[in-house]
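We just call them A, B and C in the order they show up, numbering each chain from 1.
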Amino acid sequence: MKTLLQLDDVHTGYGLTEILHGVSLTVNDGEIVTVLGANGAGKSTLLMTICGVNPTREGDILFDGQSIANRPAHEIVRAGISQSPEGRRIFPRLTVRENLEMGAYQSGRLDNLDRMFTFFPILKERQKQLGGTLSGGEQQMLAIARALMACPRLLLLDEPSLGLAPLIVIKIFEIIREINQAGTAILLVEQNANMALHIAHRGYVLETGRIVLADTAPNLVNNDQVKKSYLGA
Amino acid sequence: MNGAVELETIIGGISRGAIYALIALGYTMVYGILGMINFAHGEIYMVGSFAAIVTLAILTTLTSASFGLAGCLVLSMGAAMLVAAAFGFTNERIAYRPLRRSHALAPLISAIGVSTFLQNFVMNAQTKDKVDFPRAFSDPLWERKLEIVGVHVALIQLIVLAMAVGLMVLLHLFITRSRTGKAMRACSQDKTMAALVGIPVDRVISLTFAVGSALAAAAGMMFTMYNGQTRFDVGYTAGVTAFTAAVLGGIGNIPGAMLGGFVIGLVEDLTAYHLGADWKYVAVFALLITVLIVRPRGLLGERVADKV
Amino acid sequence: MKRFRPLLWLLWCLIIAAPLVFVGLEYEWGKGLWNATLRTDRLRFLVSDIPAWVGGHWLDVIGVLVFLGAVVGFLKLWQLTAWVQWRGEVETRTRGRVRQAGAMIVVILILTLSCRHLADTQIEWGVMVCTYILLALGLNLIVGMTGLLVLGYAGFVAVGAYTFAVLHQQFGLSLWLAFLPAALVGGLTGFLLGLPSLRLRGDYLAIVTLGFGETVRFLIKNLVGEQSIIISRPARVPSLMSENAAWRWLFPDGLTRLKTELWVAVALVVLSIWLIRNLTHSRIGRAWIAIREDETAAAAMGIPTVRLKLLAFTLSAIWAAVGGVFFVAHNTSANPEMFGFGESVLILSMVVLGGMGSGPGPIVGAIVLYLLPEVLRERFPVLISYRPMIVGGLMVAMMIFRPQGLVGSLRRKIELKEEQP
């Protein structure tokens, strides 16, 4: 299998504090990879660094063999990585449709709109509504759909189930799997480790800015430490 | 009180108001996207007024104004807008971008620096005296009077009003319909997220400065044509006045800037008519203070209040 | 490519400036039209005159650089002594005072000794530099200490100046008696303007004060009149040429009016430095710095931010008013046009150049931006006419490359460069 994303000893931080102290991980073509970790471990920071929002202070990030470390964020999107960030960050005063159009800013693939509307029929109904007026679940769907509008080869999802009702969580995870089966690799950050390990192929455990464990998903489910810390068993 | 004269005053006020609205738009756009006031904006307006006169002079000398009156005026406005856009773009690159992550005081001071520099640059490069708008171009427009329900309106007032409103409509369409315009709005709402969806945020910010500056230059050209003259220091008063308009309408709010501009134009002309021209500026300043105390988010602003 | 960036930017700036620089205008009255001319003289100026001039005056250029270096070096050394003391043991108040008093005595000694030999122009420079130092010190109270940008400082100067001028015109009040009412009126104006506007965010405050500066000028024009008000002789600083023996031992030749003015100005500056230093080293000063660094946190700690900002604003206005009174007395007349936006920016740039919030910063700023162009006026006549342009460019450059100013502290640099959350 081909390596799509590769992080080599990546360091980053905010101001004087370093948050990631040398993270290395890989995502292969067609995979779902999950990153587990406690609050404040640096998971969101990791995703933002991959996307070029945070600077890479040391180390390198390769996407498809090319270094994307410290490239401007929009070039990284053009290269084929898009993110649905923590807290959704819908543009509150753009309509649902405009939010989706912004997702396609680099790809220009407005024809994707119809595909998104079949994935998330509710968004079609709400097209003209302002993003800020959607419910939390609707916003999450919109955030994922917006990220997909870029036709990414790698989709980064930061806590897609945050604050959603269990039924919607299941639906979102079904959709994630569907997207993956259509050929998009996924890097998934989740608090809901159970669900995440259930759909993922492989997983990493991040603790205070370092990778402490890396294995296939089934092995992680059976790992005692993971069971204790993240699966609540 | 003569009703017709009053009405004519009001029409004059509306024309000037339309011009202030154009300048106010630049303040509001930059504020919307950076959360900062562009202190050099008034100077860009002044540069625009000079660029228009220089263009007219070049057209007169090189082509003996063979494009006709309207052609020359449109060309000079276009040229002024281009020049000013270049100045606005440079202003952002030099005074704002290197300081985007600094303490809020730093970009304010550097913008004041740019503003001082531009004022004195134009004074040294051109003149410190008043410069007349070429009468041959403006007089015919003043002489043509139209009578509308018993009120005499000069053609120039209608033209100024129409052009300003036309530009505002164009801007509105640009902001709401075009891909880039939507990207601008996205950037003003959440710059990080805008970068995450692939919008080149820095380029959008540059463009915002350029577009705002072009509008200011159009205003500078029309105001000079309307008023008859310009000088290197006109940007300062016009800047504060237009800023008052932007705050009055609700800063960061584009329709608000338009509304604010019209209101300010009216207030100015009515004060000038009733109290004397010298009191205009005092009235505007009093209005600014009042708005900031009573309703800092302006007439149409909603959410921005927390930023004040 | 990256290495040529600055050059490309320079080229770009030249291109966009070209239409305004190289096109001259000539009015054709009969037709009511402008004719355009190509200003080849400017091109010549740029490509041949300036290089030739620099080639011919390179000693002057080096001299200026050395002078600038010396000023900065001296102040750095001065700061270093403070720092060494601070490292060893906390600088005690007395020690700081001794150090300061020592410096003052040195300055006064130099003045006394050289007073007799100074020409009138040089004394004139001295008086004006002291006036600007006075004003810059006052502005630094609000801009530097509290971190609030005030753009209409000349407005406060005008209030003080016109209080004096009008009182003099109406009641023949003299300079000495005018200080108090001017300070009162100035302080009151600052207080009243601060009351509504200090609750605003920084950039709003800046524009309100900008508007204020201009409004004051309009008001003076409308209410007092556009003509200059002359300050008659008896109301100004007197000359001390009489037979009074009390000061004869110090100045055997007596003092001309100008020399007395210099002494008064120096006294005002010394008094200000002393007052401001004590103020900034007090509880109030520390609270101001807290506000400057993080207003929200300061408020959360129970510092009454609005009240303290109001105090700084009022004090700064009082300083401006006092400076205004002295300036008018020295200048012998008051005119609204003397207190324009350009003056406000000049004083602000002195504070910025020297170092916002640093003690000696405004002094250095005033010396560099006033004295240097004046002293060099004869050799570099362009310096005076291009001063505002240079000042503007300097303000941008300082913010980018040295936000703490020429003599500012590292702490201030970190404050200004820090990332905003």
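Simple rule for what comes next: a contact is a pair of C-beta atoms (placed from the backbone, for glycine too) under 8 Å apart; a residue touches a chain by one contact, two chains touch by 3 or more.
This is a predicted model, so every value here is computed, not measured.
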{"item": "Central subunit by CA centre of mass proxy", "value": "B"}
{"item": "Far-end chain from subunit C, centres as C-alpha averages", "value": "A"}
{"item": "Cα-centroid distance, subunit A relative to subunit B, in whole angstrom", "value": "43"}
{"item": "Euclidean distance of C-alpha centroids - subunit A vs subunit C, Å", "value": "54"}
{"item": "Subunit B and subunit C, separation of their C-alpha mean positions in angstrom", "value": "31"}
{"item": "Junction residues of subunit C - those touching two or more other chains", "value": "418-419"}
{"item": "For the subunit A and subunit B complex, residues of the former touching the latter", "value": "51-53, 72-74, 77-78, 82-83, 85, 89, 91-94, 98, 101-103, 105-107, 146-147, 150"}
{"item": "Subunit C contact footprint on subunit B (complex, rising order)", "value": "36-37, 39, 47, 50-51, 53-58, 60-62, 65, 83, 86-87, 90, 93-95, 98-99, 101-110, 112-122, 124-127, 131-132, 134-137, 139, 233, 236-237, 240, 243-244, 247, 278-279, 281-282, 284-285, 288-289, 292-293, 296, 307-308"}
{"item": "Subunit B-facing residues of subunit C, complex", "value": "9, 12-13, 16-17, 19-21, 23, 25, 27, 31-37, 147, 149, 151, 196-197, 200-204, 206-208, 210-212, 214-215, 218-219, 221-222, 341-342, 345, 348-349, 352, 356, 385-386, 388-389, 391-396, 398-400, 403, 415-420"}
{"item": "Residues on subunit B engaged by subunit A in the complex (per definition of touch)", "value": "179, 182-183, 185-186, 189-190, 192-202"}
